[in-house]
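Everything on this sheet refers to the single structure shown next.
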Amino acid sequence: MSVLIDSLLAILIVYLALQCLLAPRLTQTVFLFFAFGLALALAWVRLGAVDVAITEAAIASGFLGVLFLDALRDFSFITSGKQESSDAANHSVSKKKPAFLSLPGVVLVLGLGLFLLITLEAVWKVPESGGLTAATEALLPESGVENPVTAVLLNFRAYDTWLEMGVILLGLLAVMAVGGIKIFPVHRKTPEDPVLQQVILFFTPILFLFGAFLLYFGKNGPGGAFQAAVLWGAIGILLHLGGRPVLTVIPRWLSQLLLIMGIGFFLMLGFLLLAGGASLFEYPPSYAGVLILIIETLAAISIAVTLVSVFVHLNQLNKEESN
Amino acid sequence: MDVFFTIVIVFLLLNIAVGLIRVWRGPTVADRLLTTQLFGTTGMAILLVLAGYLEDPDFLNVAITFNVLAILLVIGLVKVWKKKKGESP
Amino acid sequence: MTGLPTSPLPALLVGFPILLAILTLFFRPGVKALVGLAGCLLTALLAFIAFVEVTQRGTVIHTPGGWDPPLGILLRMDALAAVFIGMTALVGGFISLYAWRYLRAQDPATGGYPLFWPLWLFLWAGLNGLFLSNDLFNLFVTIEVISICAVALAVLSGKAGALKAGLRYLLAAITGSMAYLFGVALLYGSTGTLDLDHLGQVLEPGTTTTFALLVVTLGLLIKMAGFPFHFWLPPAHSNALAPVSALLSALVVKGAFYILLRLWMEVFGVGITYAAGQLIGLAGAIAVIWGSWQAFMQTSLKLLVAHSSVAQLGYLLMIFPLLILPPGVTADSADWLSVTWTGGVYQVISHAIAKASFFLSAGIVIMAVGHDRIESLRDLVGNMRITSMAIGLAGVSLIGLPPSGGFVGKWMLLKGILLSGQWWWAPVVVAGSLLTAGYVFMLLRLAFAPAREKEPFRPVPKTLEVVALLLAVSSFLIVFPADYLIQFLENSEIFGSGIEAVLKGGFYGND
Amino acid sequence: MTITELFTVILLVAGCFFFLAGTLGVLRFPDLFTRLHALTKADNLGLGFIAAGMALHIASPWAAIKIFSIWLFTLLASSTSCYLIARFQKEKNPPKNRKEEG
Amino acid sequence: METYQIYSITSGVLFVIGMGGVFLSKHFIKKIIATIIMGSGVFLAFVSFAERDALSFADPVPQALVITGIVVAVASAAFALALARRIYQLTGEESFTIEK
């Protein structure tokens, strides 16, 4: 019976992915992308990966979704209500002459089909291995946390997670390197409409509390720094969209400190441990729980500020507004 | 009870699938935008039932995450819409 | 991995540059460059200390978090890693010096592209992390750090051309990483481990293994611009700022090659067939001929150098078919194996140094004449003696004339080819060298030719010229420690499982 | 079957009924505005029933609060986006009663 | 058919769709979304193996890897988006022009 659920969900996911790429309009692509994210989150839930589902919902669907939506202010939006109007179609697969009907297109599609068959055979024949479940289960009591995923992220493979925080910071540096950005925008002169303000004011505490909830319960239940960071970051993005760019209020050095706090503290802790003769990130077992919580809190703040900055920077890369 | 939940989930998934026919047929762009709407509500329902079916209330957190961020998306959409309204006839 | 001495150095090699990178964020643009430069030199010093440590103590390891693999991650600094880290330090140190002066001269208003320094330090940390990592997933994270930094550096000039090339590069890089990661997922699914040593022991031949090998190799080929996927490299490398171009072609593409070498030698013993090796060799051979020919046809200086990179990377791919024994040959008689792979490593080092010098010199010429048509080299000798010498020396090393480092690498490769009996690769090596000679001598002829119209050469900071020349000279100096380096590589126990696989005849795979 | 389970079943079936109604509306109604109406109203009601049913089934006050807030937030988000889609359509293509083909 | 097999097959399909999308789509945004779909395929493969290897809980290592992977993929996508928007801002181009 549950096979039915899974097959239906699988078909839905594949259908949405295809539609997402084949949709003639950018708006549709972006909206189908949200639907795809939601369907994928259902799949994660079905596979028992709650942490992954929350991450998908928060980062891949929520944060990235807002970035894509914001990008719709550029590029061709819907210019007419009629179905296949001409102007928006010239940069996508149009009905008249799809790209995959040309000769190289046919070769490519045939090649992809062949590749798909090989892929499916390989995926079907993956031998059983048992994974690392048993190993994690055995060492979980020494990790200082109860949620096995958090234990892997912040203790067993803390080195990866630390580098990943670096990647997020790098994402911001890279976005800044693109250029065309005034460092921080000033307050809008015209206030936004009151309904929007009310919605934002209503959601700010909810986002904050739920973020804190995910962060704190990440130790024992699903959730953790990254998911909490997106929710906290969402506050900043909301305020920015409502005409209150929070980052201008903070002095520059402080916002920079907030940006690097997570990765910086993590690294300094690692170096301290190194100086004490232990390995990098080898927490003393009795303090592991506390240290992980501190690292997660600082990391969540840092990542939240980074995400807001990324959004603010991308938000400025607008063709009309810059001219 | 499990069988019943499974039936409910399959039913809701089929609902989405059938609703997608409208998205596929159009005729207007706004009709296609309904996907998100359809998915949002029905997806939340599926998540709720799954939480009961798999006996793990933690799954509710997934639904809440989606929900609170949906507001972000909606406000983002308002912005896009306002911007475009200003420039296109 | 018990028994090997542990050392904090691997952790420091990754942590220290990142610490400096985040520190530089706090300084004002002008000061940022100074702090960044100081950080780069310190990092180079640290790498040098680490290199000496490995020569003294042999392979050292570090387990972050204190958890042993397969659950934890192992950082292992063996001779191969040490050589690559040393190479990065040598080339990176010189490029940092050059960049410090160059960026200030290019863009005095904003203090010389201040973002260059944190990005470059992050890139350095990523490269060190990649060379040290012994974990499939950690390798993915490091190549992502490297790609993001590389693309961000490539678009630093902010010009539309650079941005377009950068987006193309980034999309290719993400596709490559994802293909690699798909292979990793399948490998994890079928073995339950991510540790390279462990994986080499437990991997069984089968459809999944072969497919995983295919996608991993495909992904890494995209990342290192192997033949059918080279399309992103010339625009990205030629549109970047001069020191960045040098970093990208000297160091960044070598990262993917390093993983490929490690995986083919250590892990995929059971999955590789003779035909797979021939195929990748063929891609390399086409790249050598096509890239050299394209370089020969270019009219813009930086595009010429960038296409030359495609060709030189082709040589690196050509070592792979030699590492696989043809059917019916026993491992005992395969005496060409070590000469081939050490030759490949040598080729990497000499190309890194020569190509860096070439790109830096090109940057100087462009700075002096204001555009990058090849014609601008006219009467270079009369105006910029030092730079012409650097171009000449680097060119000679690229061609592979004795007594340059390039000669040693290519000669060892040729020796491996002839010893292995796969003679059909030999004409490619020779033809590639001839074509390289063609474009290098074309440049030199122009450099000696009298100026047609009086185009003024603007004065260029002497530091830049000296750095480019020093690098060019180094590409000759590395001949002296060649014997020592090769012995260092051969005597170390790298590729323990890979060599074992050869001895077991495992390199045939399932046929 | 206990009485709680019975109630859960009844509530879920009621929820499913409304979802079915919403989907049929989306399929059969003649233009966007009526479709929007069907989708938003019926589906949100359906979700309400399902939320109530699941709150009963899981039977912990903490979960009940969460489920209730999920319903509330979904109402907010879906009504806002419904409003936006409708306004968008109204700008581009004002309603002409029952003229558009389906 | 086991639950995990349905999803691992789906992962293969998504991976190929994404890979095809990167090459065949024209618009920048679609190319970026294609990379995300490709990544989703990869992550689905990891998580399906995690479900297969479940004891008292699903294998946490692939889940942790996927969380890291999602974050890394999103960071790259955000950067790609910045590049695409900046290119549009400077030149008005929304896709790579035909001639290379």
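We just call them A, B, C, D and E in the order they show up, numbering each chain from 1.
Please note the rule applied: contacts are C-beta pairs under 8 Å (C-beta built on N, C-alpha and C of every residue); 3 or more make two chains touch, one makes a residue touch a chain.
Chain identities (UniProt): A = Sodium:proton antiporter; B = pH regulation protein F; D = Na+/H+ antiporter subunit G; E = Na+/H+ antiporter subunit C.
Worth saying up front: this structure is predicted, and the values here are computed from it rather than measured.
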Those chains that touch subunit C and also touch subunit B are A
A student comparing A-C to C-E should find more C-beta pairs in contact for A-C
In whole angstrom, the CA-centroid distance of subunit C from subunit E equals 27
Whole-Å distance, C-alpha centre of subunit B to that of subunit E, is 21
Dist(centroid_CA(subunit B), centroid_CA(subunit D)) in Å evaluates to 10
Residues of subunit B that touch two or more other chains sit at 27-28, 30, 33, 36, 40, 61, 64, 68, 71, 73, 77-78
Listed in rising order, subunit D residues that touch 2 or more other chains are 76, 80, 89, 92-93
Touching at least 2 other chains, the residues of subunit A are 2, 44, 46, 48, 63, 78, 81-82, 119, 122-123, 126, 129-132, 136, 156-157, 160, 164, 167, 170-171, 174, 178-180, 199
As the complex stands, subunit E meets subunit A at residues 1, 3-21, 23-27, 29-30, 33-34, 36-37, 40, 43-45, 47-68, 70-79, 81-86, 88-90, 92, 94-95
Note: in the complex, subunit A contacts subunit C through residues 118-119, 121-123, 125-127, 129-132, 135-136, 139, 155-160, 163-164, 166-167, 169-171, 173-174, 176-180, 253, 256, 259-260, 263-264, 267, 270-271, 274, 278-283
The answer for subunit C against subunit A in the complex is residues 6, 8, 11-12, 14-15, 18-19, 22, 25-26, 62-67, 70-73, 115, 118-119, 122, 125, 129, 137-138, 141-142, 144-145, 148-149, 151-153, 155-156, 158, 163, 186, 188-193, 204, 206-208, 210-212, 214
The subunit E residues in contact with subunit C across the complex are 8, 11, 15, 18-19, 22, 28, 31-32, 35, 38-39, 41-42, 45-46, 48-49, 52-53, 61-62, 65, 68-69, 72-73, 75-77, 79-80, 83-84, 86-87, 90-91, 93, 96, 100
Per the touch rule above, subunit A residues touching subunit E in the complex are 2-3, 6-7, 10, 13-14, 17-18, 20-21, 26, 29-30, 33, 36, 40, 43-44, 46-49, 51-52, 55-56, 59-60, 63-64, 67-68, 71, 74-76, 91-93, 99-100, 105, 108-109, 112, 115-116, 119-120, 122-124, 126, 128-134, 136-137, 148-149, 151-153, 156-157, 160-161, 164, 167-168, 170-171, 174-175, 178-180, 224, 226, 310, 313-314, 317-319, 322
